[in-house]
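What follows is chain A paired twice: with chain B in the first complex and chain C in the second.
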Partner chain A sequence: MIDPVFLAEAAVNGLLLGGVLALLALGLNLIFGVLDIVWIAYVDLVMVCMYVVYFLVMVYGWPVWLAGLAGLAAGAVIGVAVHWLIITPILTSPPVNQLLATGGLLFFVQSFATFLWTTDHRSVRISLPSLEVAGMFLSFARLLAFALAILAMLGLYLFLTRTFIGTAIRAVAQDRGAMALMGASPQRIYTVTSAVGGAMAGAAAVLLSIQYSVHPHFGAAFGPITFMICVLGGLGNMVGAFLAAFILSEIISVGGVIWSTEMGYVIAFALFIVMMFVRPGGLLARRER
Partner chain B sequence: MPRALALAALAGVAVAPFVPMGGMRQYVLHVIIQIFIWSFIGQAWSLMGRFGLVSLGHGAFLGVGAYTTTLLWNAYGLTPWLGVLVAVALAVGLALVVAYPCSRFGIVGHYFGLVTLAVGEVVRLLIIAERDWTGGSLGLTLRAPETAASLFAVQYADKRVFYYVALAAWLGGLWVWHRLDRSMARSAMEAIGEDETAAASVGIHVTRFKLGITALSAALTAFGGVLYAQYITYVNPETLAGIGVSLRIVFAVVLGGMYSLLGPTVGTAITIALAEYLRVVFGLRFIGMAETIYGLLLVLFIIFLPAGIWGSLRHALRRRRRGEAAAAA
Partner chain C sequence: MLELRGVTAGYGQFTALWDVSLRVNRGEAVAVVGPNGAGKTTLLRVISGVIAPRTGDLVFEGESLGGQPAHRVVAHGIAHVPEGRRLFPGLTVAENLKMGAFLPAARRGYRESLERVYALFPVLAERSGQRAGSLSGGEQQMLAIGRALMSRPKLILFDEPSMGLAPVMVLRLFDLIRRVREEGYTILVVEQNVRQVLKLVDRAYLLEVGRIRMEGRADELSEQDFVRKAYVGL
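Now for the complex of A and B:
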């Protein structure tokens, strides 16, 4: 029998992981909702931002908060670059080709990172204490990441609902044809969306790099789960993705303690597959048929 | 003329193992065998892919196939001749379990891709999680038979045997592709790919056709997995299941062109030849460089040659021929 304290600790850790996963998924989901394209390489771009943070902190000795901001900016720049270089030419191609083009990017980023930085695991060494609450040991880094993730998501929410361009982004997500008729340029909104999505990737990268070490296959470790969260929540549905992130992260974390990490993932993926059949539109979708 | 050319090419391929190549023979044969096996798997994938059923989880069927025969042989000494039947049956079973609800609940496009991707990952993670008898991420070596050439174990030290086996499989795959291309099922599947509701309204049994094509594709893929495992005599979850190998299959096919008979072969041959070439050129000096160029080329190809290399080439040739015919008339 497993000590209930371990289970409780796993549950809390799952909750904390969920915050960061939710942030990861929200960026991808925003891009999907607006452009109707899945960036298969999304988490690999996060990996690149993590390297940016790592090098700025460990090699150039920048303070962590400044490197974090730089990581955020790097994410936005990468987002725009991906949009201009890869997405724009294939905006009207069949969805398969769009998936595959960003999949090719995945290979490129992953192998180029291997080439440049080898497969060493690198971590940003900032020593943060761990807290003891009711017999559970909680890492302060995770708590901090969780809090910042929630803040970032709140920021995204305010941006989308309270600013003019945010409103425009939501309008395009609803009906891109009608937006063009209103005289708005979808191209510009796509670029802004990609920048914001990229910045979310950068933000997630900063928060991930204070608790995980970065290596070229980081994207492969977190990529699939991020897509599952987006789809489970309903592609383009922010609240759904938020909820799905916590459900899946709890399964992974608690399942990992009871069985093994892999089994936790297996159960999470199996749940995803089943949920796709039961609620194909996402957790919060109203059934249309 | 094209027929004579094809026959000549085939004759060349058939005698290739006996061409004197000095010390290079083993290596050249190894590369060609890989091309045959992965082309076969690519063809199997394209049976679904060409009709819009883009699976990102064919690694699941590869893994199920390869691990089934390997585990049965290692643990119970069951000959792969029987093991392959079990492997194919299991792969088809898995395919139906996934494809039936997908078809019933209308899961297509992105969603189909992501569901299959999850299936591939589930198989990979299960193999890793059950490390006590699957060897986990370290993989598993096939138990070697007593002799260097064993029909019972389907293991041969001489590469020429597998060369002909792989060649036969590849030709068989081409034949299946061709048969399907000429059948009613093709028209039905194309109609379904275009518009499911419209297809159903003219009396096409959507679910039956989709399940049929998925089962066929899964069966062939599992067979390819078994073949690969028997040839390499080593199985590993990363090379035979999960997102990596699944995407690799898809890329090779898309690169060559998934709508033409030889597309998967051309794509696979180019990717494998390129990888080998870059590996030889860069060696151990620049690890990752080969894959970097490969990834970059993929992106460029998908942007500039969406019909694939072979597909675009055929279009161009046909257009030129038509132009010449018009000029003569």
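Now for the complex of A and C:
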């Protein structure tokens, strides 16, 4: 029998991991909802931002908080660059071409990162303490990442509901043509969306940097799970993605303690496949109009 | 105020409008009537910039609008209440109105515009927190009109406003448009409901298979035998 404290610790760790996964999924989902294009290379852009943080801290000696802000800004800039250079030319292309273009970007970014920085694992060496709460050992870095992820998502929520441009982003996701009749340039809305989606990737990169080391294939570790979350929650559905992130991270974390980490992933993917048959439109499909 | 000169337009190989010329004066209400497929919706789409004219020009307050994209045309003061209303169903009533005031110039007067729209359509104020998709057909049409007013337009284009409404609501709708007119807006309306719309407007054009077939004062046009037989049903 497994010690209940271990299970509780796994459950808390699952929750903490879920925060960062939710941030990734919301960024990807936001872009998909507005542009109808899935950025296959999304998590590889996260990887690039992690290198930005790594170099600024370890090579240029920036304080971590400042490097974190730079990582966030780098994400926004990369988001805009990807939109202008890769997405704009293929905006009206058949979906398979869009898939190939953003998928191609993934291989380009991975290979280029390998060429520039080799396959070494690099980490931002900051030592954060472990906390002991009721017999559970919790990493302070994870708690911090969770809190900041929740804060970033709250910021996104306020941006999308309280500002003109944020509301316009939600409106475009519902009817592209009608928003042009309101005087909003579609290209401008797309650019802002890509910047915000990129900034979410940058934020996730900063939060992952304080927990994991970065390497050119980092995207392979978090990419599939991020797509799974988006699809499970219903592509474009922000609330669904938020919930799905926590469901999957709990399965992986708790399943990992009961059996093994690999088994946790197996269960998560199996559940995903079953759910695709039961609710192909995503968790909250019925509530959508 | 608005003048179309020899406009030809269409989609791909298909030409929907042939050499159309028409004029709307300031303060006027003008209708374009005609059967289904005559090119009425295309005409409004050309004016609001959704599709570009192939030949000919359109001039609004002395400035050429030919080939300008839709989001620029709105800034000149032309609001479009599109066919099928095209509300944002998942956004609330208040958010839909907010989007109507998206332009920087309209944003500055946002509060004031909102009060005016709520005064004109009090039911929208009552339902401001509801999702637009949950409104009745008549309320949705009010919201679509209110959203257009939020951009502080000089000219409002109505595309088949009575479409999809119950007969009782159609009468109320024309009352609403009349109220909008009394606020001093210039109106160009496209309708299949010829009998009702001719009671509302000053002048009308008859569009058939993409060409202007007739034009004249609304009361004169409704007296014409041809129009009465074909459209008014008297």
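Here is the rule we go by: the second predicted complex is superposed on the first by the 286 of 289 C-alpha atoms of A that agree within 3 Å, B and C clash if a C-alpha of one lies under 4 Å from a C-alpha of the other, contacts with A are read in each partner's own complex, and residues count from 1 in each chain.
Throughout what follows, a contact is a pair of C-beta atoms (placed from the backbone, for glycine too) under 8 Å apart; a residue touches a chain by one contact, two chains touch by 3 or more.
What you see is a predicted model, and the numbers here were worked out from it, not measured in a lab.
Engineer: Could you figure out whether chain B or chain C reaches more residues of chain A?
Structural biologist: Partner with more touched residues of chain A: B.
Engineer: Report for A:178: first if it touches chain B alone, second if chain C alone, otherwise both or neither.
Structural biologist: A:178 contacts chain C only, not chain B.
Engineer: Give one of first, second, both or neither to describe whether A:111 is in contact with chain B, with chain C, with both, or with none.
Structural biologist: Only chain B; A:111 stays clear of chain C.
Engineer: Look at A:266 in the shared chain and tell me whether it touches chain B only, chain C only, both, or neither; answer first, second, both or neither.
Structural biologist: In the superposition, A:266 contacts chain B only.
Engineer: Please indicate which partner A:62 is in contact with in the superposed arrangement: first for chain B, second for chain C, both, or neither.
Structural biologist: In the superposed model, A:62 contacts neither chain B nor chain C.
Engineer: What is the contact status of A:157 with respect to chain B (first) and chain C (second): first, second, both, or neither?
Structural biologist: A:157 sits against neither chain B nor chain C.
Engineer: After the superposition on A, what does A:140 contact: first (chain B), second (chain C), both or neither?
Structural biologist: A:140 sits against neither chain B nor chain C.
Engineer: Considering each complex separately, which residues of chain A are in contact with chain B in the first and with chain C in the second?
Structural biologist: Shared contact residues on chain A (touching chain B in one complex, chain C in the other): none at all.
Engineer: Give the list of chain A residues in touch with chain C in this complex.
Structural biologist: 164, 167-168, 170-171, 174-175, 177-186, 289
Engineer: How about chain B: which of its residues touch chain A in the complex?
Structural biologist: Spelled out, the residues of chain B in touch with chain A are 49, 52, 54, 56, 98, 101-102, 104-107, 109-111, 113-115, 117-119, 121-122, 125-126, 128-129, 243-244, 247, 250-251, 254, 286-292, 294-299, 301-303, 306.
Engineer: Can you list the residues on chain C that touch chain A in the complex?
Structural biologist: So the residues of chain C in touch with chain A come to 48, 50, 69-71, 74-75, 79-80, 82, 86-91, 95, 98-100, 102-103, 106-107, 133, 147, 151.
Engineer: List the residues on chain A that touch chain B in their complex, please.
Structural biologist: Interface residues on chain A, with respect to chain B: 38, 86, 89-90, 93-97, 99-101, 103-116, 118, 216, 220, 223-224, 227-228, 231, 235, 259-260, 262-263, 265-266, 269-270, 272-273, 276-277, 280.
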